[in-house]
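Two complexes follow with subunit A in common, the first pairing it with subunit B and the second with subunit C.
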Partner chain A sequence: MTTRLAGLLRPVLAISAALVCVGVLLAFTGDDPISAMATLVDGAFGSTRRTGETLASFVPLALTGLSVAVGFRAGLFNIGAEGQLLMGALAAAAAGPHLADVPPVLSVPLLMLLGALAGGLWGFIPGYLKAFREANEVITTLMLSYVAYFVTEYLITGPLKTDGVLPATDLLPEMLRLPRLTQPGLDGIPDLGRLHGGVYVALGALAVAAFIAHRTTFGLRSRLVGRSITASEYSGLDVRRTVIQTMVLSGAIAGLAGAIQVLGVSYRLSSSFSPGFGFTGIAIALLGNLAAGGVLLAALLFAVLQTGGQVMQRISGTPSSIVTIIQGLVILFVATKISGVKQMSTVLHRRRARAKRRERT
Partner chain B sequence: MSGAHNGSTHSDDRAATPQVGVRPIVELRGVSRSFGDVTANDSVDLSVRAGTVHAVLGQNGAGKSTLMNILAGVIQPDAGQILVDGVVTTFRGAGDAFAAGIGMVHQHFQLIPSMTVAENLLLNDEPSRRGLVDRGRARDLSAQALATMGATIDPGSLVSALSVAARQRVEIARVLRRDVRLVVLDEPTAVLAPNDAQELMLLVRGMADRGTAVVLISHKLDEVLQVADHLTVLRAGRVVADQASSGLDARTLANLMVGREVDMTHNEPARRSAGAAVMALRGVSTSPGPHGPALEGVDLDLLAGEVHGIAGVDGNGQRDLVSVITGSVAPSRGSVLWLGRTLDGHSVRQRIDLGVAHIPEDRHDQGLFLEENLTTNLVMRRFQRAPASRRGILQRATMGKLATARIEEYQIRGSAEQRSHELSGGNQQKLVLARELSADAQLVVAEQPTRGVDVASAQFIYRQLLSQRDDGKSVVVVSVDLDELLVLADTISVMYGGRVMGTWSRDDFDVPAMAGAMTGAGTPPTAAK
Partner chain C sequence: MTTVAFIVLLIGSTIRIATPIALAAIGATHAERSGVINVGIEGCMLFGAFGGVYGSYVTGSAAAGLLLGVVTGATVSLILAFFCIVLQANQIVAGMAVNILALGLTRFGLDQIWGKPGVSPQVDGLGAIELPLLSEIPLAGESIFTQNIVVLMLLPIAIGSHLLLRRTAFGVHTTAVGELPSAAASVGISVWRTRFVAMAICGALAGLGGVALSLGQLTYFVEAMTAGRGFIALAANILGRWTPLGALLAALLFGAADALQLSLQVRGVDVPAQVLLVLPYLVTVVVLAASSRRAKAPKALGEPYDATVPT
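Right after this comes the complex of A and B.
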């Protein structure tokens, strides 16, 4: 009971502390922190359209957060979700034009699958190197992100470049795009901006991941390997296989995020495709306590900050980079496990115990 | 409670010996300390004199560690006084106790294996000249320190290259080097071969005769009776005996520690005769690894209905032997037979499925997932198959039921949902036993099953292992304690340098020959370390 409370308390405290810090910062620069925050929230939820936009940016964040969480739970610090996401996006953007004649019910899922496979391959490499060559996955995943970045950069300025000046792939034809949840301009139906069907895939992925983690032998095996290699080997668990499988799964989820982002939002791969979804995923996984439910909430929060931040900049002129500062501070506070948390939870515990005693008397 | 401090001003039985100081170096008076609801020490008196060996005995959880930590300044008492040379003192930390001349040699060596003996001895106290380490002086200083230990150890050799006994000497020398008047030795012989243990006891006696006070913690009662002048027995945090050791016997001591009659006999030789070999090793060798010497041509028959003891000083190939039996290491030569058939390949999973149970030496890091709950810890070696899971899906209700049954059967004080690190050491031990002994295994491998375990718990473990044998299982006990194997095993094999030096059955146990084999007597000198 107290541990669960402390588990919730930590992220909440981290967020509050980050907001206070940013408030002080804003006050120093002459902005009104309260009205800035109000504009931010209004920017995220002020209209159905804004809410839709917020949920649209939730999709890649939830998936990359989940990708990182899956790895971290197994003790695998996959910080290369960015590269895995790019590979997934590349697969979808490159294969898409070849599937123009296939019915969309098949082609769209197939492109998502291809994206997951490409991301999975990008996770397999560091997984294999970790399992059989004892290569530190922190380094290999990070470096492979650069490889992925420059490979896609080369392809979109060279072999896969569309006609025109833009360094990007061809736009996907209409029928290969994930459907918007609303058609703008129709009367009576609320405008939900760019929110697309991928949100269901993301929510489904979170649910499946929660099931795998708690109900399957693979989920348990993966967690145990993350707890202790010696005890896992003693238990007859195949540590190498588990490491590789987990890395492939982690990469596949990030790859899926990339494919969905191509199919649902950008319809192509360009050099400004990812504002760092994969790296933000690390923050989301940590803030979400590596659990599917936590990732959902954390991704939602970050989506609110990002969407709201842009609106805030447009309306009140407060730079949207304060959102980046908030995100950075949140992670800093989560990572340092704010020393007060433990004390606070014991204080709460004692208070409750005292209250109970008083009730009895 | 006996009044130890009343007797502190006048001499006790052995005070006639000239070296024995009249006044105690350190005296604890009415020291109490609790942790939460647990009272670890309850107004304990202890007075230690110069020139004596003072044994402190007690079961696990009797409060020995707490008392020693108070003595060494690591923890502070809630009540009571600490007197050094008759003056009331407060230790605010280990540094204060050290300054007062109290040093401690821990059971787990605090040496850095990748550094030389000299570097370890002088760690944090290196002789320097113009800001650089004076290597020549360092060598001389360490040679001096080692000489007083009566040990011929080269200060320039790496600690990792030393035997366990030699490492221990370095550890003790490191503490004694710093003007220590009272040294606490925490179970120093737990890791030693009989001959090395004997030598160490002589050394301890020598240290006392030169005027140092030695506080000795040990579970080996014979050893205590042999070397100690005075002994203090703790039970449940209180002093139950505080007297000269002369005139006491092991049985009386054991009864004092436990507080009831202890049955000191274990193995009933009148048992069913052993059956066929459950597992057999034929000419098994392994490739050299980091854990001591590799196996060299080991032949072993592990029979059903028999306790097979593997004796030997730590690091003589036992680790590899267990790894080959449990499947984590493949033989580089030779074969492993299961019920007469040669096994193809190896893996821990394969052996678990065949029916090999394993009680590892390191129950903390290997035998348990401390962050996981008891249920997971009870199924950790078999959750990937029915009934704990079906087609990759965990059957949580079944797992829960299994766990609850084991917890009840083995009287583990904890709930199925509790994390295992919240259990006491004794209950963690039971958790491992519950998991391994209730599996339908045909072969049970137990590594150092009673290391660091008190008399009563050891008896429990012995009974469990013997009942496994009586169920017709083959039981393998690896132990550095030959005395333990002499009472427990039906057959004993002695290992040295990765070889089996000899195998004796109960009818012709030959202790001198076994002890000799443990030090490599009769082997080619190439195998010697």
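Right after this comes the complex of A and C.
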């Protein structure tokens, strides 16, 4: 119990510290931090519609957070979830129009699978390069995100471009779209905005991931590699295979996020498709302590910050860039080790003692 | 245009484009040789680029902007160093935090200072300097030997860094601290101090790289304008096998890929823009894949050093 409480303490401290820092920053630039935060919370929960929107943005964030967490647990710093998400979205948006005649019971899961495959492929490349060419995945995953961005930009302005001026793919036919949880206009049913059935897929993915992590040999192998590559090698574990499998799984989850976002919210791939879901995923994974349950909570928090932040910018003019700043601060504070703080105080203490001794002599 | 003219122009733009990457890559070499991976180098560049434009905007002088950019880069790197060295934060994670913070804070700054999203107004940029005699060579004089001050500083900085790491006590300390910190500490070298200084140099050079982008190439600041160059610089450092001159050469390779892409675009080659734009990023992946196995990283790279252990 105490360990569990201690596990909660760190993220709570990190979030609080980040909010205080941003509060000071806002006060410094003449904004009222309290009212800004109030507007943000109201923007996220002020009506059933806003709550629905918040939950809708929870879906891609939970999945990208999970994607990053799966990699980090194996010591693989996949910071390219953004690119894997784009490839997943591309697969769904490109294949969708060809499946218009297939019954949706088949076509919708098939498109999600395609998205996961595309994302998994985009994770396989850095995984293979890491396993067999020792290429640093921090660099390759990010570089491949740029590649994914330019690939999608090329396709939505060229071969896959819809008619008209907008650089985007064709809109998916109605029957391929994930159902909204509410139909606006019906009496007695609360308007939940764009919240769609994909939320169940996201929750399911979190549950499956928790199962894989704790109940399968793959999950165990993955964690062992994350602990120590040398120890894993000595115990006869196939490190290369684990690295590649983990990167494929990590990429597949991000790809699934992209496909679901296309099927449930945007219905197409356009230039402004992702506001940085993949990068927010890094903050979510770390804040969630790399565990499925933690990712769930952290993704909810960041969904609130993101949805609320947009409303806040519209209403009170407080720039939504503070949400990005909170993200960065949270990551920084979560990364800090308590033992590091102790070490600092020990060193300072020693230094002071040494100075005193010098004074005496 | 003749082939010779094309190549001369290409060399000129390669040098200009490679400068920000090369400066950051040499910075990365300093940091990594001391045992710290500065994944936040992208953020240091972005802050440097912003600081440069802000300094030039406030004072009206590009020189002051340059100075502020360098100081900003160094400061950010030192803050990251504090988290990595003293607070033992995971270096990759803390570095990513700095990158995300840089995105958010510069966007916030644009909004607060100039009230417009995305881009700053134009400011006084770095002027072109004609190298005496060399600049009178036809064509090459204008394309290669007429550059702004930061581009001209690149070669001296690379050679200076080489000498600093190879020929001075500080350089030996840096290498020792990056290879086997406990041994270095046992002969009285301060691991922490050496790493802090290396990180400050790294941040200053990354900041200067950012200035080369914002005040050298553009004369204004655009949101997220570093566009992954910090990560390309990290790759250049690996390709250059953790040596300043190697990092310089590697950065020139990436610069050449970018320069080629630009000149093809300008000449209206019938290839989609994105196919060309993607080149530097693809080259980075390919080069990393080809060169990483032979590369020998400093042994203590990424490992925090516990200064409380008695030696």
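By definition in this document, the second predicted complex is superposed on the first by the 333 of 361 C-alpha atoms of A that agree within 3 Å, B and C clash if a C-alpha of one lies under 4 Å from a C-alpha of the other, contacts with A are read in each partner's own complex, and residues count from 1 in each chain.
The rule is simple: a residue touches a chain if its C-beta (ideal position, glycine included) is under 8 Å from a C-beta of that chain, and two chains touch if they have at least 3 such contacts.
Computed from a predicted model, the values in this text were never measured in an experiment.
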| item | value |
| --- | --- |
| Partner chain(s) touched by A:102 [first = subunit B, second = subunit C, both, neither] | neither |
| Contacts of A:231 with subunit B and subunit C, given as first, second, both or neither | first |
| Which superposed partner A:279 touches (first subunit B, second subunit C, both, neither) | second |
| Which of subunit B and subunit C A:79 touches, first, second, both or neither | second |
| Contacts of A:133 with subunit B and subunit C, given as first, second, both or neither | second |
| Subunit B versus subunit C as contact partner of A:171, first or second or both or neither | neither |
| Which partner reaches more residues of subunit A (counting touched residues only), subunit B or subunit C | C |
| Overlap of the subunit B and subunit C footprints on subunit A, listed as residue numbers | none |
| Subunit A residues touching subunit B - in the complex, by the definition given at the top | 214-218, 220-221, 224, 227-228, 230-231, 233-238 |
| Touching residues on subunit C, where the partner in the complex is subunit A | 39, 83, 86-90, 92-94, 96-105, 107-108, 111-112, 227-228, 231-232, 234-235, 238, 272, 274-275, 277-278, 281-282, 284-285, 288-290, 292-293, 295, 304, 306-308 |
| Subunit C contact footprint on subunit A (complex, rising order) | 25, 29, 77, 79, 125, 129, 133-136, 138-140, 142-144, 146-147, 150-151, 153-154, 157-158, 279, 282-283, 286, 319, 321-332, 334-337, 339-341, 343-344, 346-347, 350 |
| Subunit A-facing residues of subunit B, complex | 327-328, 347-349, 351-352, 358, 360, 362, 365-372, 376, 380-381, 383-384, 389, 392-394, 396 |
